[in-house]
Structure formats: C-alpha cells, structure tokens
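In order of appearance the chains are A, B, C, D and E, and numbering begins at 1 in each one.
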Amino acid sequence: MIEGSNNLLLLTPEFVLAGLALLVFTADLIIPEGKKEWVGRIAVVGLIGLLFVTASTVMGITQPVYNNFLLVDHYSFVFKMIFITVGIITILMSEEFVKTNLTSQGEYYGLVLLAILGMNILVQSQEFLTAYISLELLSFCLYVLVGYSKFNPKSNEAAIKYIIFGTFSSAILLYGLSMVYSVVGSTLYSDIAQVLSTSGFMDPVAMLGITFIMIGIAFKLGIVPFHSWIPDVYEGAPIPVTAYLAIGAKIAAFAFLARVVIGVMLPAEELWSSWKIIFAILAISTMVIGNGIAIVQTKVKRMLAYSSIGHSGVLLSGIVVFGSTNGIVLESLGYYLVGYAVTSFAVFSAITAVTYNNNIELIKDFAGLSDEKPLLSASIAIGLFSLAGLPLFVGFTIKFYLFSSISIGGYLWLAGIAVLASLVSLYYYLIMIKSMYVDVPEQERAHADITVRWPMWIVIILSILMTIALGIYPDPLVNQLNEISDLLK
Amino acid sequence: MAVDCEAMNDFYNIMAFAIIALPLITSLGFMVVPNLASRTCWLISSIVSLVTFGISVLLFVSYDTMIGGTQFGFTVPWLSQGINITFGLGLTGISASMVLLNGIVLLGACLISTDIETRGRDFYVLLLALGGGVFGVFLSSDLFFFFLFYELAVLPMYLLIAVWGSSTNFGSFNRSKEYGAMKLMMVLVAASVLIWIGIIAIYVETYMNGTPTFVFDELRILSESGLFSSGFQNWVFLCFMIGFGVLSGLWPFHTWSPDGHVAAPTGVSMLHAGVLMKLGAFGIIQIGIVILPLGAQTWMPLLMVLGIVNVIYGAVSAMSQTDLKYIIGYSSVSHMGYVLIGAATLNSIGLSGAVLQMFSHGIMTALMFVLVGAIYHRAHTRDIYVLNGLIKTMPHICVLFIIAGFASLGLPGLSGFIAEFLIFLGVIKISLWIAALAVLGAALTAVYILRLIARTIVGPVDPKLENLPDANKYEKIVSVAFASILIAVGVWPALLLDSINVGISSIMSVL
Amino acid sequence: MQYFWLIPVISFIAFIITSLVGNKILKQAWIFPVVAIILGLGIYCFGLTEYLQSRFDLEHCVRSSVTGMVGCNYSVGWFSAGVTGKETVDSFLGFTVDPLSLSVAGLAIFVALMVQIYSIGYMKDDPRFGWYYSVQALFISSMILLALSDNFLLLYVAWELVGLCSYLLIGFWYEKPDAKEAAKKAFTVTRLGDVGLLIGVLLIWIEVGSFNMSDLFSYVASGQMESWVIFSISGLLFLGAMGKSAQFPFHVWLPDAMEGPTPVSALIHAATMVAAGVYLVARTYPLFVESEAMMLIVSIIGLITAIGAALICCVSIDLKRALAYSTISHLGLMMLSLGAFGYTAAILHLLAHGFSKALLFLGSGNIMHSIDDLDINRMGGLKSVLPGTTILFCIGALSLAGIPLLSGFWSKDEVIVSIVHNRNILFAISSMILVFLSGFYMIRLIITPFFGTQNRDYSNAHKLPMVMLIPMGVLAVFVVLFGWVALYMPGLPSSFGTFLFYSHPKNFHLEPDIASITLVVTLLSFGAGYLFYVKRISIFQTFKTRMKFLITIIENKYYFDELYQILVDKIVLPIASLVALFDRVLVNDIGINGPGHITRSIGSLIRYHVTGRIYVYLGLMTSGMIILGILWLWIVRL
Amino acid sequence: MNMHLVIFSVISAVLISCALGVVISRNIVHSALFLLFALISVAGIYLVLLTEFLAIVQLLIYGGAIVIVILFALMLTRNEEYPRIQNNKLWPIAGILSVLVLITLSVSYFQSDVIRNASTTISPAGVKSLGSSLFTTWAIPFELASLVLLVALIGAIVIARSDKGGN
Amino acid sequence: MLELIHFNILSVLLFSVGLYGVLARKSAILIIMAIELMLNAVNINFIAAAAFKHGGGLFTNFDGHILTIFIITIAAAEVGLALALILRIFRNKSTVNVDQFDMMKL
C-alpha cells in the first residue's frame, strides 16, 4: 500500500499552481484580443499569492510524500521559491514583447506556469519516473515557448532542433533507466542507491545505465559534448523565452542533477570517486569551450548562450566536490544560482527592452546605446560586470564563495581553472560593454524609438538593485540558504 | 578618561568607514539622480574628495605612533555562514601614509578634471568608485575585502580610459585608447587571478587547520605558529609576488602601464600611476612578507634582480621615448623598481625606504601628470620634438615640472632623495652590486629628465607655441600643493617616517 | 661659534624671500641676499676671532687626535628610519667648526659678498634680476652648508644643492640654446661624479655604521678597516671630487659653464664650487693618507689635469675659457699638492687662487660689460679705455703667475716645496714645467688684451659704474695682503701653518733655493711670453708651424668633447632606442598581447564544430555517449 | 518449452527487419508502413512476455494513433522530391556510431552476471493488479502525465493553428 | 530456454537501429519515427525486466509495466507536438530536410 504520509496537503503549492494554470487558460478565453496582457497580470498575481502559500505551508517541513516518490524538504522549498520568482520576473519581462510580437498571447503565460509546475516537481521527486515525467512537462512547455513566434523561421528552426535533441536525450535517459531498472528492480533513488552501494558491486549494466541517465541530465544543463543545441535555441527563441531557458531551465536541471547525485551517487563511494573525475573533466571542457567560443561571437544572444554554457561548467565544478565538504558547497551553489539568476535577469531584461521592436542581433548594433538609453546600458553593463565576477556586484561574492568551497573540497586546481575562465569571460563582456559605451553608432539615434513600460522598469530596477545589494551585503540571503546544506551533512 | 578614549576610538572607526563609504555612496548617488550637469557633478565630487582628504589627514595625524599595530579597527560579520567572512577595517603604520597619499591624489584628480564635457556624470561615478576602492584596499584588515576593494579599483579603469581617453598615432605604431584600456584591464584582472588563487590557498590551509579566517592579524599569528609549510609558502608567495608585481609594473609585465598612461585622461592617469601601482607594492609588503615570511626569503633574490632590471630598463627606455606621457610612464616603471628593491631587501631600512618611495613617487607622478595634462590640453600634442621653450609661455607649469623632474631624479631637499637614499642603504646591506646599479639608475634618471627639460621646457620659444595660456586656477592650486608636499617631506621626512617606522616594526617582528 | 648654523639659514631665508617677491621689486631685489651675506660675514668674523683666541666651550670642542686640529661639533637630529631592534639609521643636521671649514667658508662668504656687490652693477638691466639673486643666495647657503657639515649625508645633500645652483645659474639665460646645453652637461657630468660619492658614502655607512666623519676617522685610525676597503672608499670619494672639481676625465663641463653670467663664473666656477672637490679630499684626508696608492693616483691625476689644462689655456682665444682652463690647471695643482702630503699648502693655494681668480673673472666681466666681446685676438690696448681694470687684472694675474710679495707666490711656493720634498724628481720637473706654463699663459692674458696695439675703436665702450670697481679693489688688496698674512699671522707667533695643519703644526719657512728656481722660471716664462706675443719673433713662429700637429690637438681640447658626444650619440642613445624597440615589439606585442591572440585563435578553432546542422550535433552527442560508455566498461572491468 | 523460443525468434526477426526497413528504405511511405509492422511485432513481443493488456495498448496507440498521424504529416509535407528521400552525407559515420553503441551495450549485458542469473520463469501481469497499482502508488505520475498531454495538446494547437498577422 | 538476455539484446538491436535512423535520416519526420523505435526498445527492456524478475528482489507491483504505459503516453504526446512543429516549419521553409535548418551558424 502507500507508505509515507499520504498527506496531500504538503503538495498544496503544486495543486494551487496547476489550478492557477488552468485558471489562466480559461481567463485567456474570456479576455478580448486587445488586452491579453491582463492574462499575464493575473498569472503574476497568482504567483505572488503562491509565494505566500508555499511559504506558509511547506516552510521548514521535511517529509517524504506519497509513497516517498516526492520529498518535501528545505532544499525543494528554496528551489520552489526560486522558480516561482523566476516565473514572476519572466512574465513581467515578457509582457511588452508578447504584446507586440506574438500571436495567441494568452497561452504563453499558461505554458510558463506549467513549466514552473514541472520544475517544482522535478526538484521534489525522489523517483526517476516522476522526475522524467516532470522533466518532459517542463521540456514540452519550453518546446512550445521556443517555437512561439511561429512566423519567424529562426524560432521554428530552434524549436525543431530543441525538440529533436530533447526527445533524443530523453530516449537515452529512459534507456539508461531501463538498464538500471533491470538490475535494481525499482526506480526509487533510495533503492538504487542501496543496491549500488553494496560493496564491490560493479555491474556493467547498472554502471552504463547510470551513465546514460547522467547524459540525459547533462544534455539539459548544456555540458560540453551535449551543449550544441544551446546556442541555436537561445538565438532562435524569443528573448524572454531565452531568458527563461537560460535561468529557469538551467537552475531546474542543476537542482535535479544535484538531487540525483546526492540521492543516488554519493552513497556508492567507488562509483562517486570515478564520477567525480569525469565530472571534473567535463566541467573543465565546458568552461574552456563555452568561454573559448564566446570570444569570437558577434551576435549578442549567441554570446550570452556560450557564456551560460561557461557558467554551467562552473556549476558542474561545484558538484565535483560534493562528497568531500560538509555542505558548504551546496550552500555556495545555491547562492551562486540566485546570484546568477538575478544578474542574468538584469542583462536579459535590458536586452529585451532594447530589441523588442527592432530585431537587432549583432553586438555592433548596440553601439551608442549608453547615450540614448543610459539606464538600459547601465543595467547591461552592471549585469555583465557581475557575470564576469567583479566586486560590489553579486557576481564577485558568489564566485569567491563557490571557488573557496571548491578548493576546501581539495580541488584548488579546478578553482584555478574556473578563475581563469572568468578572466576570459571578462574579455568578451568588455567587448559588449565597449560597443555600448565607446563605439559611435552608424546612423544617429539608432535606439531612439524604444519605449519602456512600467513592468519592464520594475524588472530592470529590481534586478540592478538586487545585483548590487546582494553583492554588498549577502548575509540575509545566505542565512536562508544554509539549511539546504544539511542535506549533505 | 577610559570612556572618552572609547568614544574617541569608535569616532575614528566611523571615520575609517566613512572614508570608503562616502565616495562609493556619492558615485551610486550620481547613478541614481537623473539629469545632473557635469559641472555640478564636478563640484559635488570635488567637495566629497575634499571631505575624504580631510578625513585621511585626520586619520594620519591621529594614528598613534607610540602604540603602532592596527588601530581604529572594527569588524562586522558579513557572510556568517559557510566561509564566515567578516567585514573589518584597520589602519596600520604603512596604510596610514598610503591613505593620506590616496586622499591627496584623489582630491587633485577630482579638482583638475574640469574639462570632462561628454557624459561628465558617468566619469565622476567611475572616478569616485576608483577612489573608494583604493581607500578600501588600504584600510581593509582582511584578505577578502583587500581583494574585493582591489578588484573594485580595477573595475572602472576600462571605461574611464576607453570612453574619456585619447588615442595617439606614433607613425610606426599607434596606440588607440580601446587597445590601451583593454590591455590594462585584462593584465590587471589576470594579475588578480593569481592573487585570488593565492588567497584561496591560504584560506583553505587555515580551514584545514580548523581555524578558517581571512583576517590579517589572525593569519599572522597562525603563520607565526608555523601553520604554513615552507613549500606552501614558496608557491603562494610566488603567486602573490607575480600578481602584485604585475600591478606595480614588475619588469616583464610592465608594458600595460605606459600604454595605459598614454591613453588615459589626466585625472585617471594621476590616480592610476599615483596610487594604483602602489597597491601592488602594498600588497607584497602587507600580505606577502607578513603572512609568508619564508616564501619572502626564498623569492627575495628574484624580486631584487627583477627590481633592478625594472630600474635600469625603465630609465633606459624612457631615454628614447618621444611622447611626454610615455617618458613619465617608463619613469614610474623605473621608480616602482626602486620600491620593489626596497621591499625585497626585507630589512627595516629598505622597507621604510620603499614605503616612503611609494608615497613620494605617488605625489611626484601625480604632479607630473597634472602638468603634462595641462600642456596637452593647451598644445594638443605631447611630442617632445614639437614642444620646446615652453617656460616662456607657461612659466607656472614649467617651473613646477622642473621641480617634479628634480624630485624624480632624487635631488636632496625633495622627497625623492630621502626615499631612494634609504632604499640604497637597505640594498647595500644585501649586495654592493645591486646598490651600485641602483645608484647608476638614479644617474640615468637624471640624464633623461635633464634631456627632457633641456628639450621641451627651456630653450628658444617655438613661434607656433607662442600664445598658449598658463595653468588655470585649479591646476595651479593642485600643482603648488603637490610641489610643497614634495619639498616638505624632502626637508623634514620625519613627518612620514615616524608612522612608517612603526608600521615596519610590526612587520619586522615576523621576519 | 655655535651660531654658525645661522649663516646658511639666513641666506636660505633670503633665497625664499627673493624668489617669491623677486620680480616685483625688480631693481631692489639684491637687498635681501646682500644683507644676508653681510650678516653671515659678521657671524663668521665673530666666530673666527672666538676660535683664534681659542675660547672653546669644552663640551662641544675637542682636539681630534687624527688631524690634531681643534673642531667644535654642534648637531641636532634630522630623521631616523628602521626599527630600533634591528637595523636603524639616524641622520643629524650637524656642523663642525675647525680651521679647514673656517678657511673655506671664509673664502666662500667673502668672495660671494664681493661678487654680489659687483653683480648689482653688472646684472642691473637683466629682466630676471630677482631670480638671479635668489639663486645666488641659495648657492651661498648650500656652499656654507657644504663647508660646515660634519656628516657625509648632509655633505652629500649640500653637494647636490650646489650642483643644482650651478645648473640654474649656468642656464640663467635659458633662451640661448648653448647655455641650456651647457647647464645640462654640467649637471649630468657632476651627477655622474656624485654616483661615486654616493656609493662611497653607502660603503662608509656599511663599514662604520654612521655617517659621522669623526666616527669614520676614529674607525680608520683604530685600523679595523682593510686596506682595499680604504682604497675603494677613498677612490669613490675622489671620483665625486673629480666630478665637482673638473679633474681630468670630468673636466669638460667647466669651460662650457662659462655660458653663465660672468659674476657667476667668478663666484662658482673659480672660487667656491670647484674648490668643493679639493675641500672633500682635504676633509677626508685621514682616510686618503692611509692608502699610499690612492695618494699616488690623486697626484698623478692632479698633474695630468694641471699640465693638460695649462697647455689648452695657452692656445684658447676666448678670455673666459682661458681663465676656466687656468682654474682647472690650478685645481690640478691643488690635488697634486694634496697628493704630495702638502695639506696646508693645498688649502693655502686654494684660498690664494680663489681670491685672485675671482679678481680675474670680475676683470673679464668688466671687459664684457664695456665692449661686449671676449675674443683676445680682437682686443688690444685696453689699458687706455679701462685703466683701473687693467691694474687690478694685472695684480690678480701676476699673483697667480707667482710673482713674489703677492699671495699666489707664497702658496705656489709652498706647494712646490711639498711636492719636491715628498714626491720623486719626475713630479718636481713637471711642476717646474707647470710653473713655466702658468707664467707663460698669464703673461699672454695680460699682454694681448691690455698692452697690445689698439686694433679696434673703443668709442662706444660705456663707462663702468663704481659699484663694480670697489669689490675688485678690495679683492686686489686681499690678494696682496693675504700672502703676508699666510706667513706671519698677526697676534700669533707662527704662520698659517700653525692654524691649519695635518697631524702636527709646522711653521712655513721660505726655502731659498726652491723659491729662487721658481722665480727664475716664472721670469723666463714672462720673457718668452713677451717675445712670443709682442715681438712675434721668427723662432717662435717656426716653433709654432713645426708643432702644428700638436697645437691643433691642444686647440681642440684633446677632442674630449667630441669623444663624449660620440659616446652619448653613438652608444647610449642607440642602446636606449634599441631597448625601447625591444620593449614595444618583444615584451609587449609578443609577451602581453600573445596570450590574447592565442585564446582568440583557440576560440575560432573550436568554433569549427558549430556547423548548424543537427546531425553533426547529434553525432557529437552520441560519440560523447560512446566514449563515456567505453570508459565505464573499462572502469567496471578494472 | 522451446516453443516460446521459436515464437520469440520469429517475431524478433520480423521486428528487426521492419525496423531496418524504416531506417533504410528509399521511399518515405514504405518506411512509414515498415514502422507500422515493426510496432505490431513489438506488440507480439509483449504477448510473448504474457502482458496482453500492454500488447493491446501498444497496438491501439502506436499502431492506431501515432502511425496514422505520421502518415498525415507525410501527406501534408509533400514537396517536389516527395517520395524519394536520401540519407545525409554523414550516414557512414552514423552507421559506425550506432554499431559501436550496439557493441558496448551488448558487451555490458553479456558481462553482467545479475542479468545472467535472472529467473527464467515469466510471471504474467494481470490487468486488475496493473490497474490498482496505477491508480494508487503511481497516482502522482498519472496526474502529471495528464498535464503533459494537456500541454502537448495546447502546444500543438498554438503552433499549428494558421492564424493571420504576426511578423 | 528463453531468458532475460534475449530480450535485452533485442532491445539493444532496436535501440541502435533507431539511433542509426536518427543520425542518418535527412527528413525530420523520419527522425521522429526513429525516436519512436528507440522508445519502443526502452519499453521492451522495461517489460522484459518486469516479467522475468516479478516477485524476486525489489520488483513489486508490476512497476515495469506501468512505466511502459507512461512512456507510451508521453511518446504519443511528443509525436503530436513534433509533427505540429514540422508542419509549421514546412509552411515557412517548404522543406523538411534537417540539413537546410542551418540559418543559425556562426
């Protein structure tokens, strides 16, 4: 029968979210064509309400739910809060873009909400099938969102590539799962961990199964051999979706990978010790290739895509030291993800504001932005400096915290390479800043006709303030995050 | 009495915090307040820098040379989880004079940069951020914030040079301002990579030992208790030496500084040459020697040799430059060579000579850049073959340029001589030949300074340069102030040496 | 005695006031410096008399065991660096009053006063009159500081300041290109000399542990210093002295220094500054005496300089340059006498030469002032135009030539005596040649400008104001009287020898045989000069043609200037430009930009795999999968 | 007992050949039909494994729905070289890669002793027990699956709907 | 005798044929078909594992069969969405060949 508490109340955030999504879809039917942005506003209000609901119901409870398929604990609570805030900011950011560029605007917000639901459950799941299905839910929403501006061939091509890549990698993940299942007999992380950790257990089928599962997840995070889809999809997709992909999907994939590594891999020592080295090599190659190619990019979105690959390399290097430090790494990774999200929103929201009614893509087209739109260029510049890891912005503290925890875990050389990678990343961020601040635009007042409405203003100013505030005084946020590290203790 | 001294103490704590916070808050304020005319921004930033100058003088004066050690210190928990970083400030003997130097140069830089028309507001945002960052470096009492403020000081350099700089074409090669800015930024951040790795290595070592800390004093006690093995100290000190050496123009990595000067606007190159290059030497002394004495002893000969190469190489290549700013750039490379030698002697006289040289060279280069900036602003060229006989048209600028020139060649009665003399005394205890070469270096400096003065300042007036106006009000005030400081320190060096000696004595107790 | 430190301070204050307010009260700018000098002279005389009556206050004054002279030291702390536990260095602003410093300071103050009064008239209509006087005041203060300072650090500080003032004064008329070149050359050459001095001071500090001269002498006397260390330190100090006193390899700057105004050359390049080198050797005499080799070197260099300069002086056409070369030759003579243990003789000659050479330079100043031209060949028969100057000029010239009853004779005679006594015969003969040469060129400098035929109309020569003649008169009196004073000091039973001596006082006595030989040689030289220049006798003309080759070498000053010019242009500057090129091309473009280009090319290299077609990506993905699979199979089998 | 083996080998032979047909055939319609037959033979395999319910589900959904939809798609996307399809020029590399994957996986199966000594009796799975566990232990994934279908539905409509306007 | 290994080998064969199909085929629709084959290979593996290991070890309540059901549903959903996207791109670029989709290169 059903072990673990069947107290479904613990899943209220998910149920409320699903209800909200359905509400948004129905609201879309009612609201006339002209005022579709109200659908978005309903979604935002709903999400803010959801924030308080999750805070009240799930804060501080650690209990497996529903035949311990799902585990509601502080780790999932923190990531749920992150996903909901990311959702709020994305909807606010994309309101202007959706209004001018996309058809069938109502469903856009519904899909964003469902994607959040997929992420929430993905983080909570303790069992591979639930994880797979929530991963598919998230991916399906993203496939549609990527292909959303359907009259733009680039968006279609990106969607096609994304769906083919996505289904291919989920097929691989499933095949790995089937191999593990045929050896272990159950898809629960705890069961698999229990079987794998029996000493001397080195069954090839199980090992290959785990490898294929890891490949399926690595695809989602954009680790090097499986990263090729990211530049094309980020470039093709509409800007707010790219932001959502670069931030939401990446954090979700990373949380899932961390959950799997903690749940399945850590108990099995020899397995984890060899996987550590593989992860380290993958992390280094991701950072090198991510930052390497970004140097020679001329398009803004592609440059940001490769820089996000670089950042996932840094995140992976964080995972490498999971076993050897008592939890500091997880806390620093959490703080890194929050900082990364805030900074990327500063960059992406400003770029959305600049490019929403003229599809300029090249870095050169941003020339002279600082004269006409000082706040937008300031937001991009602050974001980029923070991504590069320069002080008084959150980028510096998160990198410092993560790299010192990595080197505490004994991988000082990995931290060294990561620091070098952030130096290389500074180079191409400076090229972007140079084009905004130093270069003279070809034709005069190239960016004059940009009008920025209040939702976009909120997002930009909020993200700039958070980037600087978290950089100057990170204590309140980090206190929040420190419980998630007792997962590793 | 106790209460009052307690009250006095946290009055100074607030002062120490205010001196960093004030510039940073004003720069953030400039960012937020919408349309500010660049003139008002100039006025506000000059007032703010005046206040910070006042505080720096107050801090310098009230630093009690009897007690020594870190005074006016306070710590606030900043990141209390995980790798518990605490935000702390403290003034040591050496940093007292450095804070004063930065106060003076920042005030000078703000006052004379009146000619910033395009986007004046952003210029002052970045300039004050640079100044605040440098104050932070000198005042911070732990490794993390030392590094944070150092990176903060490096951050605005790119935009300051790339947007407001000037590119010059030298016929056979040209140095565009973007190139200069990009090179400067990349080299400085590359140096910070090495420093970052060194800091993390130290932190990990303390973490493994169970006492994770970034604070200098605790690190000192730990290193005295033999925590850091000599092998560890060797490679970490090497990282610091190269990292900080790059910043202070160590020989193979020095090319960024002359190119940076050529491209940078006057105010920025004042702060950059005057103060930023001192961060490197300050870092080597404050972190390298104090925390890693064994490493310092092993790498001292290499630093000494590279320092002397710096001196001779800088002087010789300055001799054949044709651009005024290049000459001053290479001369500051050569003078920083003296500082490095002084630091490498690891004896108290050499070190106090090095710190005094840092101070006097800071003022000297800042003065030279004010004057060269003024000349460039009027004659729109810095080519020494084009400019000649300037003393006729700009007597004020030229007389002070001669004073600055003589200070840099080490004429007694000016601060340059005392500093270099102490460094020679320190070095001769180590090796006669290096001291001889260093003295020869001073003579070479005399050669190119005199050639410069003979070629551009004195001599018959060029008809084209007939009617150039002399220095404006602000340039006069700043340059006279700097020159009088040079003379004052030269005539009575005890002003600075007392606090420096106390600072050095706390360091020497380690060696 | 203890107020001596006031002299430099007062003139320094005068410097500050005149430089600040100088060009406002243009015409009266000379007041402060002159008043300061007069005050200084007053303090000096008071101190001198106090010293002569030997009213010493015992806790300051002590008879130094090494030199035997009584010296009073007063010092106050200046700055100290380093940690008390470990190494420390403490520097003091100290000054010492002993016969050597008294005599040199006296010479400096007195000649300075005379020159300053003279230049009121000479420089009257110069636009930068105030600046001239302020630098004069600075010069005097630093010269006195040099003379009085008792530790090497303060000596070096004063040494450099004196160099600075000579730079400023030589380049006073900086519009003239060759004036600024001369100033630059002077300062650079002396600065190179000072490198030796500075290293010497550093070595002393290493050995003795303090800059104080008395500590050095007691340390040397106690014999703890090895001989080669003594040799190297004294060699380095001598290097500095050579730079400042324009000895043989470093003499090129003095003739060019004549570009400055004539009173400046009179004060600085005749009496005071150039004597600093001799003063330094005299001040550190106990050190020099210890190493025999060093004494030999000093005398050899002194000899070479003396003879070389004397030869050039015979052929040089410009009056001031001729006087400059004669100064160099006399300085060489003083070094020679110091090298030949003639300590008192050298100082005596220094004073005598100071007074007479100053007189000669002021005389040439008069000529310059009246007819604006100093080319000897184009001057003739000036005695009718400037009768006073001619008389005074002759007194000065004859005293230097060594005519008895004038101070030059006694001092030169003493020098010759000490050379003959302490040095071998070669030196004696060469000193005789020297006496002949000096007599020869002195007579030339008297005859050709003043007594020759009038080959120019001096109608437009304007009158000399009295303020220029009085100081010359006083100097002339001094030149005459000083000889007697040197021998029979009034109030004291014995002569100058007892006042200033090394290790034991000894009385001057006239050695009749040597004195007569020198007198005969000088008279012979007068005759030869007279015959050569006035009568233009044929044998001298043939002598001139036959020695054509030699004379041209001498005329071009042994090609030293060209040699140094080649050294700078052909060697130093090309090296500098080579280094700059090396710096820009190798270190910068390859060293610093290199890594940038490498990373960029790696980036574009990696980018080849981005072809945009999906099956390439999927292929990449599956190959990654296979590699991991095989890796794990290998791990499992392991 | 070898009766099972014979049937299994016949059905698997049919399955593999139809799969190869899908992948190799030149005509796009032929490959669609081959796909249909392959899926049907997979249903046969399920029958061999005594899971009738799943065989029926396979037949219905794959055979009925998915292949039909694919045929529709083929019909709608006819362009000039409709029936002919070529492989892309990298097909030899694709072949090598898939063979390599085949080898690695099969080696791992043969190596693994857990697989080798698995039980040899096939235990049938009744529909009743399947149904009960589907709606009790696996309720959460079931709900999620419904949401996934909802998203796919909405997405397909939004994308495929040909409405006017938009750039 | 019929053992689990046979079924595993069969699923591996099917999987690699599907893989070849994905890598080699030019038309997007055929790639979708090939992915269907791979998913079927996965299903075979699951059901074989469930059938042979029923009762033994941790195998409880027919997990394998239920997994297959879920995989089939999601595969169906995925085909629907993929074909919608293919139609959309056909309407824009009137081709379905994958090597024409390379607008986004360097």
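Criterion: a contact is a pair of C-beta atoms (placed from the backbone, for glycine too) under 8 Å apart; a residue touches a chain by one contact, two chains touch by 3 or more.
All of these numbers come straight from a predicted model, not from anything done at the bench.
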| item | value |
| --- | --- |
| Other chains in touch with both chain B and chain C | A |
| Neighbouring chains shared between chain D and chain E, ordered by label | A, C |
| A-C or A-E - the one linked by more C-beta pairs in contact | A-E |
| Farthest chain relative to chain C (centres taken as mean CA coordinates) | D |
| Chain whose averaged C-alpha position falls nearest the assembly-wide average | B |
| Maximum centroid distance from chain B, chain identifier (CA atoms) | D |
| Chain centre separation in whole Å, for chain E relative to chain C (CA means) | 99 |
| Chain centre separation (chain A, chain B; CA means) in Å | 42 |
| Between chain E and chain B, distance of the C-alpha-averaged centres to the nearest whole Å | 65 |
| Interchain centroid distance [CA atoms averaged], chain B/chain D, Å | 71 |
| Residue numbers of chain C (touch at least two other chains) | 596, 607, 610, 612-616, 618-619, 622-623, 625, 629, 633, 636-637 |
| Chain E: positions in contact with at least two other chains | 4, 8, 15, 18-19, 22-24, 32, 48, 53, 56, 63, 70, 74, 77-78, 81, 85-86, 88, 98-99, 101, 103-104, 106 |
| Per-residue overlap in chain B, given as positions that touch at least 2 other chains | 186 |
| Contact pairs between chains, per stated definition | A-B, A-C, A-D, A-E, B-C, C-D, C-E, D-E |
| Touch list for chain E against partner chain A, complex | 4, 8, 11, 15, 18, 22, 28, 31-32, 35, 38-39, 41-42, 45-46, 48-49, 53, 56-60, 63-64, 67, 70-71, 74, 77-78, 81-82, 85-86, 88-89, 92-93, 98, 101, 103-104, 106 |
| Contact footprint of chain C on chain E as seen in their complex | 19, 22-24, 98-99, 101-106 |
| Sites on chain A touched by chain E in the complex | 129, 133, 136, 140, 143-144, 147, 150-151, 153-154, 156-161, 163-164, 167-168, 171, 174-175, 177-179, 181-182, 184-187, 191, 195, 231-232, 235-236, 296, 298, 302 |
| Residue numbers on chain D that touch chain E, as the complex places them | 1-2, 4-5, 8, 12, 15-16, 19-20, 22-23, 28, 31-32, 35, 38-39, 42, 45-46, 48-51, 53-54, 57-58, 61-62, 65-66, 69-70, 72-74, 76-77, 79, 85-88, 90-91, 93-95, 97-99, 101-102, 105-106, 109-110, 115-116, 118-123, 125, 129-130, 133-134, 137-138, 141-142, 145, 148-149, 151-153, 155-157, 159-160, 162 |
| Residues of chain D touching chain A in the complex | 104-105, 107-109, 111-115, 136-141, 144-145, 147-148, 150-152, 154-155, 158-159, 161, 163, 165-167 |
